[in-house]
Structures are given as C-alpha cells and as structure tokens.
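Look for chain A in each of the two complexes below; its partner is chain B in the first and chain C in the second.
Our next item is the complex of A and B:
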C-alpha cells in the first residue's frame, strides 16, 4: 500500500568516495632497506597512516565538533523541552529522567536532558564524519514536513510515512539485492500514531543499527541506544531538535572535507 | 553480511563485538559506528527491559511533587479573587501576572514583619489597590445568596407558628377595635 510519496531512500551501495574507507585498517610493514624498491607498499602504508589520523584523531577528543556551544539549558527551557505528559501517561522507565510532577504534569529534568543530548549529537556527528547514512524517522504528522526538510538540508534521509513491516528486516527482497541499510536512525518521536512504540525501534535493534531518539514521558527508552528525554509534541521543541541535528551533521561533513584537503588525499 | 537479530539479549554493541570476536564478521565488515560507540558509550547500556506484568498497587511514587512555599499564598489568592483581572500571557517569558504581584507583595510584607499574619491578605489587597490593581472578590454577590438560603431554610412548623402569632395579633387588634367602638357607642348614648 503506497500511502503517499516515499521520501525514504534505500539505494544501491554507495561507491566508496574516499580511498581511505576502501583500504583495510591495518598498516602494512615496509622493510627499511626496500623502501625505495617497494613504492606501492609505502604509498599504501602512508594512505593507511593518513586514514588512521583522519578516523582516529577525532575519537580522542571529547567534543571534537564543538557541539556544546550549539545549545544551553536556557534554550532548552524556552523551547519547552521540559514539558512532559500527564501523570497518568507516565512510563515507568522514564521515572529516572523526570525532575518532578507539577499539578499532575510531568516535568523532565533538563540537566539530564542536556547531558544526553550532548552525547547523542556527538555520536551523530562522528557517524556522519565517517560517511555513515543517517535516517530521520518521525510519525508525527505535525512535524513531518519539517523533518523531511531537515534531512534534505543535511544531505541525509527521512522516513515520515507509513512504515512497511519488512523495511529493514526484509530489505534485500523488498528493494533488491545489495541495498545499503542506514548506519544510524534518529527518532524525532519514538511513538507512532496510536501511541505505541514505533516498529523501527525494535527493527533497528534487530539489524544492529544504533538509534538516537527523543523520548517523552510516555515513551519506552530501553531499546534506544542514545535516548534524549524531552518533549516531542511542541513545535518549538521539534524545530530546536531538527536544527541541532542538522547543524551537527553539517559540521561533521564540513570537517571531513577539510581534513581530507589538509591531509592531501 | 551476517547479523544477530536477538534484540532482547544484550545491546547492539555487544552483539556486533561478539560476532567479530567469534570471526563471523570480518574486520573489513566492521560497522561505521562501532569505533564511535566504543569511544563514546551512552550513559546507560541500551538493554531491553522486559515489561512488568503485575503492577503493585502499593508501589510508591518515586517522582516528587513540585510544590513551593508561595503556592499557599497563590491558593488563597485564587480562592478569594478568582483568576485575577489580567489575562495570562504565556508567550512572554518575563510576564508577571496579578497573582505573582500579589505573592511578591505578600512575601515582602511578611518579611517586614510589622503586619499580623491574619491581616496580611487584606493588607496586600490594600497595597495593590494603592498601586492601581483592581481586585474584585469572587464571592461578590453575598447578599443575594443569603436571601436565597433563608427561603430554603424555612420550615413548615416555623411558618405555622408565625401564622398563629399573626392571627393572635389580629384578634387582639379586632377586640380592641370593638371595644373602642363599644366605648364610642356608650359615650354616644
């Protein structure tokens, strides 16, 4: 059943744009006497060395892409990220992330949210830096256009329509052999239209794909790799999240281009 | 590419790591995110948590209620004056409502200490009136309400007693009238 246009792109294998990613990660030992006589080996080892620098150097620093300057606690508060649902809708696994309950409305602890958001953005940026494929998923109709526009702006993919059962688990048969699955799935809302956990959360865990997700006070955060407790209903909050993910991914990709030019590949 | 579809056992990372350890996945097939996860793990391991079937009724609520000292003052204000004359503007983060002004004035007077606690509410009302804030009481139609209740409060026995008293007064009045008439007759003849 084709419900609307599918903006999701599950395409054939991306050709390795960078030589570095095609090479194995080990460095071939080159004999000291035979350096001149074995130019191919030295070239490959040099490439491998450069590759190591490009890929390994960012992992040594805690905030390589300076993502902590993108948001403050006050920004989160003004975007109403702390507003949860009512006490009756609370999921028991979200209780550690709640600050308290004000007149029956759950208030999410923004200090914890800031920490989780920092980690989630950092992970997303590093995956994008390494050429990973990011898929934005959200079944909220209100923000579906915004999510698709965000994905378009950062050169990644989005799926905000009906999720067919075998999209991830049955991809080779549904889309043909040699399909590349996403390396990271970002959920801007982990619930579907009937307030149940989105099927993609379980499917991503099945296919060993890490997930980043905005979990509200009525969501289940257990299967999401990098959960971010926060409000997923207010338009201001959604705009903030979309902007943050877009900035993180764009920064990472620009940094990658810069590193490649510097190291001279 | 080989994989493990057991999402309920371990995490994504542990499954991929173990597949590589056992040789099912080659180093060349290592996922893009693997090193990133190893370098920056999440705060909590994303292990599947089984849903609890039996929810105990006496389970304590671990999420605390957020209550402030000023909430008592706010409760009294809302009881007395309703929601206040000014409409709440939620879009403005620096908005100060009538209730908030009342609370601030109340706390200021309380900290000064020269007003008795029972009279604080009235004093705050007066102070705000002096500043130009018109506060109208919620129970403003007190007089009408009283007559209504008095009508419903009357009992039949009381009504009967009143009627008897009225008839006694009438008979005594008529007797007096007759006597005066008689007196007049007597004097006339």
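Our next item is the complex of A and C:
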C-alpha cells in the first residue's frame, strides 16, 4: 500500500513536467493568427523545455544529491538510534524492523534503518528540489524547540503544538481560500502526548500527502509512506535526524538554484 | 387563480398552460444561501484606507459646520459635535451615532499570509496562531541562551551572588484580551497560562536582566492612582489666611466645606457648632477622622454647609469634603497616596436599593405559602 501511494505521489510531482510539455502543443495552432504572438510562444516553449530538463535531471541517478555520504552505520549506532523501548511496549507491525531483544530492550536493525533513512532523505531532497512544502511534525516536548529551529533554518515549516482537528482536512475554512497544503510531512515522532498515533498520519493519508516518519518500536508504521525505524526519544538521535533532514533539504535547494543559473545561461 | 384558469380555457391548452405555470414557480424559487458559513466579514486594506481618507475630509467639514478651526479639531470635539447634531436618547452607548477613525471601528485583521507560490511567510503558519507560538519559541530560545550563559559564567567561577533582577513593581502582565488584540489572533486560556508560566520561568533565572526589554514588551505599566486625584486650589482671603473649598456627597446629602488655615480646630456646620449639630459621637468621629489621619487636628477652622440625607449621610458627605479640601494643604504626593489608600478620597457609591414589584421591599418577600 505504501508503494502504491509512493507511485501516486511521484506521478503527482511529475505532472508538473507534463504541464510543461503541454505548452508547446498549444502554441502551434495560434502561430498563424498573429506575427507578434510567435516570439512569445517560442520563448514559452523554450522556458518549458528548460524547466523540463531541470526537473528531469535529478531523476537520472539513484543518489543524485549524494545523501549516502551524510551518515554511516557507525554514526547511527553512536547516536543510539538502535535503542527501542521495552519488549512490553513492542508494536506487532514493528517486529520485521527489530534486530532482537537484549535485557528486555528492543534493538532496532540498523542495516534496515540505514536503507529506509537513505530512501526517506532522498525523497525529501527531491520534494525540496521541486519547490515542495515540507512540514515537520513532532509532539515531543523536549525536542520541540529543536524541530522548530531546524524547520526555520531550512526555510520550511514546523508544527510541534496542539494539532487542531481540521488543519489538513478543513484547511480552506480555517486558513482562508487558496491555502496551499504541505507536499510532504516529516514526523520526527509519530506518537502524541498520550502515546497514540498522531492524527496527522491519518489526515495526511486522507489528503494524499506523502509522509516520512521516524517509527520507534512502540509506533504503528502502517500509514506512513517512508517509515524509518529508529529511536525517537534520545536527544542525540533527535539532533542527528534534524541535522540530516536539514542538510538534505539545503543541498536540494542549493542544487536547484545552481541548475536554474546554469540552464538559464 | 389556477382553478379559474382551468375552467375557462379549452382542454388542449389547459394542460400546457398549467405546466408552464408550474415550471415558472420552480424556476423562480430562491436558492438557500448560508451567509453564516462565510465567516466574519473581511475588510481589505484598500477599503479601510479609503474610509480613513473620507473620515479626515468629513472631520474638516464638521469643524467648518461647527464654526471651529479644522486644524485643531480633536476627537473629543468630534464626539461633542456629533452628540449636538444627532441627539440620541438611546440607553445603549454603542447604539448611538459615532464618528471615529476606521481603524478604531473595523476589527484588526491580518495581512496576506502567503506569497504568489502559495508558500506561507511564517514558518509556524500551519499551527493556526503563528505570532503567539513564535513568541513562545523565542522566549524558550532566550531561556536556553541564558542557561548557557549561566553555565559559562559558572565554569569561569564568575557567578555573582546578588544578580540584578528586573523590576516588576508598578507593572502587570498583559491580560489575555490585550494579548489577543496585540497579536490579532485568538488564544485559548490554557495557551495563555502556559505563556505566563514560561515568562515566570524566564524571570526565575539569575541572568534574566539580559532580556529585560523583551519581558517589558509584555508588561503594562500601572498608573499611580494618586496622580489622577484633583487637588483644590488654595486661595487667600482679606485677613491673609489661606483657605480651600471642596464638595462631598453621600447618599442624598451634599456638603460644601471651606477649610481655613491658622485656626483652632473649630467646626461650624450650617452656622451651628458641630457639637450641637451632631449630638451623636459617631458622626463627630467621622468628621474628625481626615484631620486626625493627616495629623492636622488643631490647625484648621472648618466652615461647612450641608443639606439633604440623614444624620449619618451628612456626616459622611462632610468627611469626604474635608478630606478633599485637606489635599491642598498636604505637602508631598506620597502623603496624598497614603490618604487615598486610607479610603478617605473614595466616594461611597452605596445608595438605597429600589423596591421591586411583587416584593414588599428591596429584598423582603411577601409571605411564601406552600399551597
């Protein structure tokens, strides 16, 4: 199911490319109508072509933004990402991601985590490259300030406060008509203050918004598009995740600026 | 009318005519519009600016109409003129005609929240109350910064024993309504209490004086009440004695008092001596109290005129009048403040409560019968 949503998300992001390519088709029938329309039409088609190239370029390579060099397995281990909760708190659906249980504490498989984290960071970078809106959500009070600062530093948005019911599902009425919803929601902790799955997970799935989430051994990874099994309680681990997402987004945005300058020439 | 049409027309035409009429009725029915779902009415910046210009022009015309100088026409003059030109007997003050600057009338609204790509300007936009939560975020950031500074000072061994504290006397925290007005957002009670808790946490740290300016933004200075007190003027009579006059009221009694300096403590009420006018000790104590409190018992001669009310009301009215007249002979504002805090300058607002219909008196009910 996650794969299905992923392809749908990629399709919706790629649809910008199809819009770009549709423009030249429209300009050709109008070419005979007025002489002045011609240079404008060719300029538009040229812009559309350049835009298409810019959007297509990152899709040529699997790790275009070189995000695998940002972290190693050792970094994850030192940040205590492998520490889960006690075996009594274990969620049934997290069992495939666990390496084992030591002295009653669940240990998360870091090889799987590294894979998932690479995929999640790659997706985030691609979304940021295409000018998407990223919303960081976390209901952990000890890391709330850090998450907000991270979001501010990479020019994206954060929500670490009380989640009002109709935020995503009733947005035009709550914020005014013409509001833009986030294109990606990153959960740095999928649980809320009463250890239940955050409402935003379900709402994002309803509104077809892809989600990236750090799932601990007591979380439900079902509705999350790119789950990343890992520890969400230790401050070191939270700092590592915030730094990784910030780097990924900043790299993607810098690359986009670079591409626009280069192709513009 | 329909029935009449049916009877006079031939059968072939009748059916189609009736169908046409029915069609007409369906087409002309109005669609129900839910105006409440649109939310509160929004006024654009253009609209308010246009009305502000109209207000300025209108103010000048009003000044010319009233025959006054348009340059020095204040809002008070505007209110006075409107009250004169449109006299209204309505009890509800808000229902009376008003002419004010549009910014005071139309509720404040937030400007556009996102740019042309749809990306919101504020990074906490999706929380619903970005300004409030950004204050919380900044305050917590300052708390962390101060703690870090404290740790640095402690490691250097330069932690001062008596740290400078922010002076909080003479000011209070902004109320929830005031904060809502400043931020143009709605805040819940829990959010407001969290905000106060965070501020108290900031103030509990030793080096909080570094963020004094930030904290004072959310505090409102309290005015010293005694500065608003009206002190009567001191005059000099033909003998060279200085005197001051003041009025006082209590229930239906009104008193006017002349306090003369260099006296011997004599009190004359309506031409009679106070001992004769007030045979009851309690009334004489009431009159004596302001002078006794200020420590000026034997200094003044009191000449009073009182009418209306009963014995106790007249004594109370005299007490207020004497206290007010005394203020002009009191030297420092601090003494004025002590007199005010003693309650001598507060007019007693209690009056006789009216009788209600269906009852014997204001509170007394008729005998209650079970059946």
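The rule is short, and it goes like this: the second predicted complex is superposed on the first by the 227 of 265 C-alpha atoms of A that agree within 3 Å, B and C clash if a C-alpha of one lies under 4 Å from a C-alpha of the other, contacts with A are read in each partner's own complex, and residues count from 1 in each chain.
Simple rule for what comes next: contacts are C-beta pairs under 8 Å (C-beta built on N, C-alpha and C of every residue); 3 or more make two chains touch, one makes a residue touch a chain.
From a predicted model like this one, the values you see are computed outputs, not experimental measurements.
Student: Chain A residues in contact: does chain B have more, or chain C?
Tutor: After superposition, B is the partner touching more of chain A.
Student: For A:174, is the partner it touches chain B (first), chain C (second), both, or none of the two (neither)?
Tutor: second
Student: Just chain B (first), just chain C (second), both, or neither: which does A:75 touch?
Tutor: neither
Student: Let me test your reading of the model: by the given contact rule, A:148 touches which partner, first (chain B), second (chain C), both or neither?
Tutor: Only chain C is touched by A:148; chain B is not.
Student: Considering only the touch criterion stated at the top, classify A:210 as touching first (chain B), second (chain C), both, or neither.
Tutor: After superposition on chain A, A:210 lies in contact with chain B alone.
Student: Contacts for A:115 in the overlay, against chain B (first) and chain C (second): which applies, first, second, both or neither?
Tutor: Once the two structures are laid over each other on A, A:115 reaches chain B alone.
Student: Does the superposition put A:131 against chain B (first), chain C (second), both, or neither?
Tutor: In the superposition, A:131 touches chain B and chain C alike.
Student: Please identify the positions on chain A that touch both chain B and chain C, taking each partner from its own complex.
Tutor: In chain A, positions 131 sit in both the chain B and chain C interfaces.
Student: Give the list of chain C residues in touch with chain A in this complex.
Tutor: It is residues 39, 113-114, 117-120, 123-128, 133, 137, 140-141, 144 of chain C that touch chain A.
Student: Which part of chain A faces chain C closely enough to touch in the complex?
Tutor: 131, 133, 135, 145, 148-149, 151-152, 155-159, 161, 164, 167, 173-176, 178-180, 182
Student: Mind listing the chain A positions that touch chain B in their complex?
Tutor: Residues of chain A touching chain B: 24-26, 55-56, 59-60, 78, 87, 90, 92-93, 95, 98-102, 106-107, 115-116, 119, 122-123, 126-127, 130-132, 169, 183-184, 202, 205-210, 220, 222-227.
Student: Using the touch definition up top, name the residues of chain B that touch chain A in the complex.
Tutor: These residues of chain B touch chain A: 3-7, 11-13, 15-16, 27-28, 30-33, 35-37, 39-40, 42-44, 46-49, 52, 62-66, 93.
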